[in-house]
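Heads up, the next two complexes both have subunit A, just with different partners, subunit B and then subunit C.
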Partner chain A sequence: MAFDTDPRAEPVRLSDRVYAILALPAMAFFRLFEWPLRFLQRILGIGAMPYVFLFPNLAFFGIFVITPLILSIGFSVTGGTNLFLQDRPYVGAEQYGYLLECGNHLDPTTCREDRFWRAIYNTGTFVFFQVGFMVLFSLITALILNREIRGRGFFRAVFFFPVLLSPVVVALIWKWILLRDGVLNAALVSMGLERILFFVDPTWSMFWAIFVSVWAHMGFYTLILLAGLQAIPPDLYEAAEMDGTSKERVFWRITLPLLWPNMLVVIVLALIKAVQIFDEVFVLTGGGPGTATQFIVQYIYTTGFANQVQNFGLASAASVVLGVVLFALTIVQLAVTRRKDEG
Partner chain B sequence: MTKQFRIALAAGVASAALTAGAAFAETELRMAWYNDGIEGEVMQDILDRFNADNPDINVVLDVLPYKAILESLPVQLAAGEGPDLARVTDLGGLSQYYMDLTPYISNPDYWRENFGPFLKWMQPVGAEPQISGFMTQLTVTGPYVNKTLFEQAGVAMPGENATWSDWAAASREVAEKLDIPIPMAWDRSGHRVAGPAISMGAGMFDADGGPALVDDGLKAMATMLYDWHQDGTMAKELWGSVSGSQYLGANEEFANAQTVLYMSGSWQIPQFAEKIGDAFDWWAVPAPCGPAACTGMPGGAALVALKTSEHPEEVGKLMDYLSSEEVLNEFYGRTLFIPGHLGLAKSGVDFQTEDPRAEHALLTFASAVPGISPIAFDLQGYVHNRVMFNALISRLGEAIVGELTLDQAFDRMTQDVEQQIAEKQREN
Partner chain C sequence: MTEIKLNKVVKAYGEVEVIHGIDLEIHSGEFVVFVGPSGCGKSTLLRIIAGLEKVSGGEVVIDGEVVNTVPASERGLAMVFQSYALYPHMSVYKNMAFGLENAKMPREEIDKRVTEAARLLQIEPYLQRRPKALSGGQRQRVAIGRAIVRDPKAFLFDEPLSNLDAELRVAMRKELAGLHAKLGGTMIYVTHDQVEAMTLADTIVVLSGGNVAQAGKPLDLYNKPRNTFVAGFIGSPRMNLVEARVAANGTGFDLVSGAQTIRVPEVPGLEAQSSATYGVRPEHIAITGEDDADVTATVELSEQLGGETYLYCSADGLPQLTVHQLGQLPVERGQVIHLKFDRSKMHVFGADGNVLANGLPT
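After this line comes the complex of A and B, so read on.
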C-alpha cells in the first residue's frame, strides 16, 4: 500500500481507523437517500435542489412559527370564548382598542386595561436593568475567567452550572432563601437585624426578579464572551505592552472593539429573552406584590388561560403587540450589525 | 412438528386470543381528580372494588394538581377532548360540558331526592333540568382558631354572634401577648370574602338577577380587610405577595401556630386532623356576624360526567355505584367531608375519627349549613361566580399593596366583571 511506503505520509492512528469503522453505518444510511435525491434532481432540476434541502426546516418553521403567528393574528380580531377560530365572532380591531385605550399612557390607572400597561412598564424596567446587569456581569466574569488564575476550569463550571438548571428549580431555590423564614432572613436575624419581607415590597421583588434572572443565565453569556476574548490575537496585547499602553486603554481600544460582535450577540439574545421572561418570575414572585412583577407574558397567560373567562382574543392581541416589539428589536439589531460591518 | 409442539402452539394461540378478546372487551374510563387530603386514596380503594366487580370496565384515576383542574381542564374540554369524569369546583362555569346522566343511571329519582339542591349548581344555563354528577364534598367557609393560644394568652374567645371586628381585636391581642407573627389570615380567595361580605349586607345581585358585586356591604367588608392589612392584623405576605386572582392558603401557617385565626373552610378538617393532631387545640368557630347575617359560603367539589366520554353507559353504571348511600357513607366517613347527600346528612355519616377537634369542627360546619344566607347559595350557583370572585380578590389585592386606592379598586371590580361577562356572552 502506497501510504505505508511513502516516508512523508503520517502514520494512521488507531483512533482514525475506529472512526472510519464507526462512520460506515452512517455512510450506508446516507446512501439510502441517494436514489430519491437523484430522482428529485432529475425531475426538478439542479436549481431547485437547495429548496429541497431547505424544505424540512421550512416546514418545521411554517408549522410551529408561522401558523401560530397567523392564528394569533386571527384570534386577535375575534371575540368570545370559543376555542375554534371559525366559531368566534369577528370584532375587528376592538381588542387592540381595548388594550391601547388610555387617558394618559404614562399613567396605567387611566388606561382601560390597566394591567396590560402595568405589565408593559414592568417589562420595560426589568429589561433595562436585567440586560444592563447581565452584560456587565457577564463581561466582568469573562474577563476574570480569561486570565491565568488558579482553578479557572472549576470557576468556569461554577458560573455555567445555573444555566443547566430548570427555571422552576432556580426560582424555587431562591424562593426558599428569600421567604419570611428563609435562609437569608435567618441570617439577618442571627446578625441582630430586622427580618425583611422581600416579596411584599415592590422594589425588593423587582430587585430579586432581576438578580435571580441574571444569576441563572449569566453563565451562558459569559461563555459567549469568553469565546470572543480567546479569539483576540495575543500579539495585539504583546504589541500594546511593548508600547507601554495602560491597561484601561488596552481594554477600551483593543479588547472591547474586538469583542463587539460577541457583545452584540449577547445584548440581542439577552434583550429578547428578557422581554419573554415568564417562568422564573412567575414561580418566584407570582407577579406580585400586586402587579409589581407581572410582565407581559404573564399578562398574556393570565388573560388567555388563568381567568375563568378565557379571553383568547385579548391575549392574542397582546401577543401580537409583543411580537411587533420583538420584531422591532430584531430590525434594530440587524441595522446596527450592518452599520458595524460596513464601518 | 412434534405433537407436543403443536399442542403448545395451539394453547398459546388460544390463550392469546382469549387475552386479546378480554382486552378488546374492556372499556377504560378516565377520571380526572385532585386532592385536598386523603380523598384520592379513598376513591382509589372504592374504584379498585368497582373494577374487580366489573371486569369489563377499568376506571383509571388521574390525580392532577388543583391548578390543572382550574386552568387546563377547561381548555381541554373546549377543544372537545377530556376525560370521562372529573372532580371539579367551578360547577356552573363548566356546566356546558356536562353529560346528562338521566338516561344512563338506574334510578334518577334517587338522585333528585338526595342531591336535588346541588343539581342546579351544575345546571347549564337555559338547559332542561339534568343530572350530571354529585357532590364529593359539601363545603362551608368559616374560621379556625388556635384555642391553645387564646388560653395561653388569657384572652377570652369571642362568643356567639361575635362580629369580625371582635375576632380581629381578640386575635390581635393574643398575637401581641404571645408574639405570634400573624394575628389573622384568610385564604386569598374571593369565595372566602363573599360570605363575610354578605354578612355585612352585600347583595351580590341586582333586582334583575344580574351581577352587582360592589355595594355598601361589600365595600364595608373590603374596607375592613384593607385596614387589617395596613394595621398588621393580617400579613401582606398572603394577599399582597402575588398578583391577579392566584389562590394562596395559610394552612401551613395555621398548622405551625404562626397565626391565631385562619379563615378557610371545612375541607381543611382532614388535613388539620392529620398534620396538627393534638399539638394544639384547633377549633372551628361559627361564621362571625355582620349587620345582615352570620354566614359563610357554601361550596364544594362535584364528580361530574363529561360529554367528551364515548362510554356513557359505563359512566352511568360507575356513577350509580359511586353515588350509592353505602359507598358515599364510606367516602365521606373516611375523608371527613361534609356530605353532599341529603339522606346521609339526615341519618348522619359514620365519620372515622376519634379526634375531638375534628369532630367538633365537623359539627360546627355541618350545623352552619341551615344558617347560610340564600344570597350565598344563589352566588354559589351563579354561572359567572368565579368572574366575581376573581375581580374581587385581584383588585382588592392591588389596593392592599398600594397600586390602587380602594375607590379605584371598586370601580375596577365592576369593570372587570362587566367586561368578562360581556366577552363570554358575545354571540357567534
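After this line comes the complex of A and C, so read on.
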C-alpha cells in the first residue's frame, strides 16, 4: 500500500564504492586537460569547442588517410622512378591509359599491361567464389550453431578461433599441410593414392586460396549471422508452428527475410575484404603458379615495391582504380541498406 | 464444437516439476480464464494445450482424441501471443493470410476470410501496412485476426492485453467479450490480472504453484473461495485476511489477534486452541458506533474516488484493513473510526488455509 516503506531505495553497494575508487586515476588524468580546455574555450568561445574535441581525430585521419590518398593520386599522374613528388614529371592520365589500354578487355593477352588485367580477372574469379562460399558456409554454420546442440559454446569458439590468427600464420599452417611433402600429401600417399602438387596446378592453387581465406574468416561472418538469428523473437517461430508452417517455408519466409539485413552486411563486408585480398594468398601461393593466383593488391605491391624497377606511378594508378571500385561497392552498400531501412 | 480435457497433466523441466497433475474440463463455447501470480504455471498449461510444450505425464484430450503427440499445427487451435508475434516483414494482409497459404487454401477463399476478419476487427484500412506502422491496439487486432481467419477449434490467448496501456486494455477487454459473443468459439485466456478474469470469464481457473487452487464461475470464486489463496487473489482491492487464535466462549468462538477479539458463532470444523484465518471483503465492513464495533481503527489513508471511498486503516494486532464505502466520506487521515464486519459475508479458514465457512449465521 501507499505508505509501506519503499523497497526500491537500494543501499550503496560495495561494488559501487570499488568503482568509485578505481575511477579516481581516470578523473585525475582528465583533470590534466581541464585548464588547457578552459583556456581554449576562453579564447575561442564555446562555439568552437566541438571542433577542438574533433581535432585530434581529424588530424589523425588527415595524416594517415587523406594525405596518402592525395599523394597516391599525385604519384599516379606523374612518371619516372624518383620517389619525391617534386622530382617527378607530370604525365597526366598516361599511367591510366597504359593500365587500361586493351585490344579486347575480355582477353588479358591483348592488353598493354596484361599482368594488371590478369590480376583483375583473377580477383574477379576469387571474389565470385570466395564471397559465395563464405556467405553460404557461414549461414549454414550459424544455423547449426543457433540450434540447441550439445557443446554449442565449444563449437562457437572453434569456428571463431581462426579469426584470431594472423593471416600469415593461417597461410603458413595451410602451406605446411599442402606442400609437396606436406601433411595432406602424406595422408594421400599412405592411402595408396598419388601425390598432388597443389601449388603447381593453377586450378588447385585458386581452389586452396579460396578455401583458406573462407576457412580463416568464416567465423567472423558466422558471428554476425548468429547475432541476427538470435535477434529473431522465438515467438515468431511458435506462431509459425501454430500456423502449420513447414520447416523449409519457415526458413525461406521467416528466417531468411528477417536475417536479410545481417546477410547484407556480411555480403558487403566479405566483398570488400575479398577485393582487398593479399597477405594470405601471397604467403600461401606467392601468386603462382605463374600469375594464376596473383590478385590486384599483389599486382600493386610488386609493381610499386618488389620489382627491379619500382614503378610508383603505375602502382598508384592501379591503387586509385581499386579505390574507385571499392568506393562504388560502398555506395551500393549504403544505397541498399538505406532502402532496407526505409522499407 | 470443441471440448478440451486435461487428465492428470504433469510438466517437469528436468528435475523440477512445475505442473503437478492438473485435471480440467473445458466445455464447448466456454470462455475459460487461467489466472494466477507469476510462475503459477498458467502460461505453461496454455502452451501444453497449444502443443508448444510436451507433457511429462497425463493426457491432453481435444474432442475425445488424445493429442499428446499431435504437433501444434495439427491440433486446429489458434494462439494469440503476448508479444503479438506478428511477422514484421509482412503486411497485415500477409500476416493474416500466412497460415491459410500454408494450408494451400485457394486464393479467393483466403481473400474472403481475411477481408471478413478485417471488417469484424475494423482493421480494413491497414491491410497493406506493416505491423511496425500500427499502434499497439491495432497490432493486437491483427494478432486476433490471424487467429480468426483459421477458423480454429479453440482460441488460446496468452496475456494478450498486458502490453497495452490501461485505457486501451479496458476497451480491448470489452471487444474481446463482444468477439466471444459473436464468434461463440471455445476460448482459453491466460492473465495475471484478476479484473480481466472476472470480467471476461465464464469459468475462472485459479492456479497456484502448478495446481488448480479453484475453478468455477467468477462470482462463485468471489463469494465462496475454497482457500485463503483464492480469497486473497480474487477481488480488488483484495479481501482483508486476518490470522487469529481460536478460543471458545460458551456460545461460539472468539477469534483473537493481538488486542482485537472478534466474536463469531459456532463454525463447523473450527476448534478451540487452534489457529485460523478470517476474511472480510472491504465492502463488507461498515462504519458504525463505538458500542456496536468489532474493531476501532485509525485511518492511515483515505482515497476519495468521488463515487466511492477507500479507507486504509490500522488497528493494534491486525494487518492493514481496507474499507470500501459508497459515496463520499468526509474522513481524514489520523481519524479514529469504528468498524463492524458483516458476519453473513465473513469467511473463516482453518489452519491449513482451506475454507470452513463462507458466510456465518447471524
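By our rule, the second predicted complex is superposed on the first by the 310 of 343 C-alpha atoms of A that agree within 3 Å, B and C clash if a C-alpha of one lies under 4 Å from a C-alpha of the other, contacts with A are read in each partner's own complex, and residues count from 1 in each chain.
What we mean here is this: a residue touches a chain if its C-beta (ideal position, glycine included) is under 8 Å from a C-beta of that chain, and two chains touch if they have at least 3 such contacts.
Everything quoted here is computed from the prediction, not taken from an experiment.
Engineer: Quick one: on subunit A, after the overlay, do subunit B and subunit C clash, or do they fit? Just give me the call.
Structural biologist: Once subunit A is superposed (C-alpha atoms), there is room for both subunit B and subunit C without a clash.
Engineer: Kindly classify A:I254 by the partners it touches after superposition: subunit B alone (first), subunit C alone (second), both, or neither?
Structural biologist: A:I254 sits against subunit C, while subunit B stays out of touch.
Engineer: For A:A239, is the partner it touches subunit B (first), subunit C (second), both, or none of the two (neither)?
Structural biologist: second
Engineer: After superposition on the shared chain, which partner residues are touched by A:A292: those of subunit B (first), subunit C (second), both, or neither?
Structural biologist: So A:A292 only meets subunit B here.
Engineer: Does subunit A have more residues touched by subunit B or by subunit C?
Structural biologist: Larger number of subunit A residues touched: B.
Engineer: Does subunit B (first) or subunit C (second) touch A:R180, or do both, or does neither?
Structural biologist: In the superposition, A:R180 contacts subunit B only.
Engineer: Of the partners subunit B and subunit C, which touch A:L69 in the superposed model: first, second, both, neither?
Structural biologist: The answer is neither, since A:L69 touches no partner chain.
Engineer: Look across subunit B and subunit C in the superposition and give the shortest C-alpha distance you find, in Å.
Structural biologist: Shortest inter-chain C-alpha distance (subunit B to subunit C): 50 Å.
Engineer: Subunit A residues touched by both subunit B and subunit C?
Structural biologist: Common interface on subunit A, subunit B vs subunit C: nothing in common.
Engineer: Given the complex with subunit A, which residues does subunit B contribute to the contact?
Structural biologist: So the residues of subunit B touching subunit A come out as 71, 74-75, 78-79, 90, 93, 181, 236-237, 240-246, 384, 386-387, 390, 397-398, 400-404, 408, 412, 415, 419-421, 423-424, 426-428.
Engineer: Quick check on the complex: what are the subunit A residues that touch subunit C?
Structural biologist: Per the stated touch rule, the residues are 1-3, 233, 235-236, 238-246, 249, 253-254, 257-258.
Engineer: Quick one: which bits of subunit A touch subunit B in the complex? Just the residue numbers, please.
Structural biologist: Touch residues, subunit A against subunit B: 79-83, 87-89, 91, 98, 109, 112, 114, 118, 180, 197, 199-200, 202, 285-294, 298, 302, 305-311, 313-314.
Engineer: Which positions of subunit C touch subunit A when the two form their complex?
Structural biologist: The contact residues of subunit C facing subunit A are 50-52, 71-74, 77-79, 81, 83, 85-89, 98-99, 102-103, 146, 150, 300-301, 312, 320.
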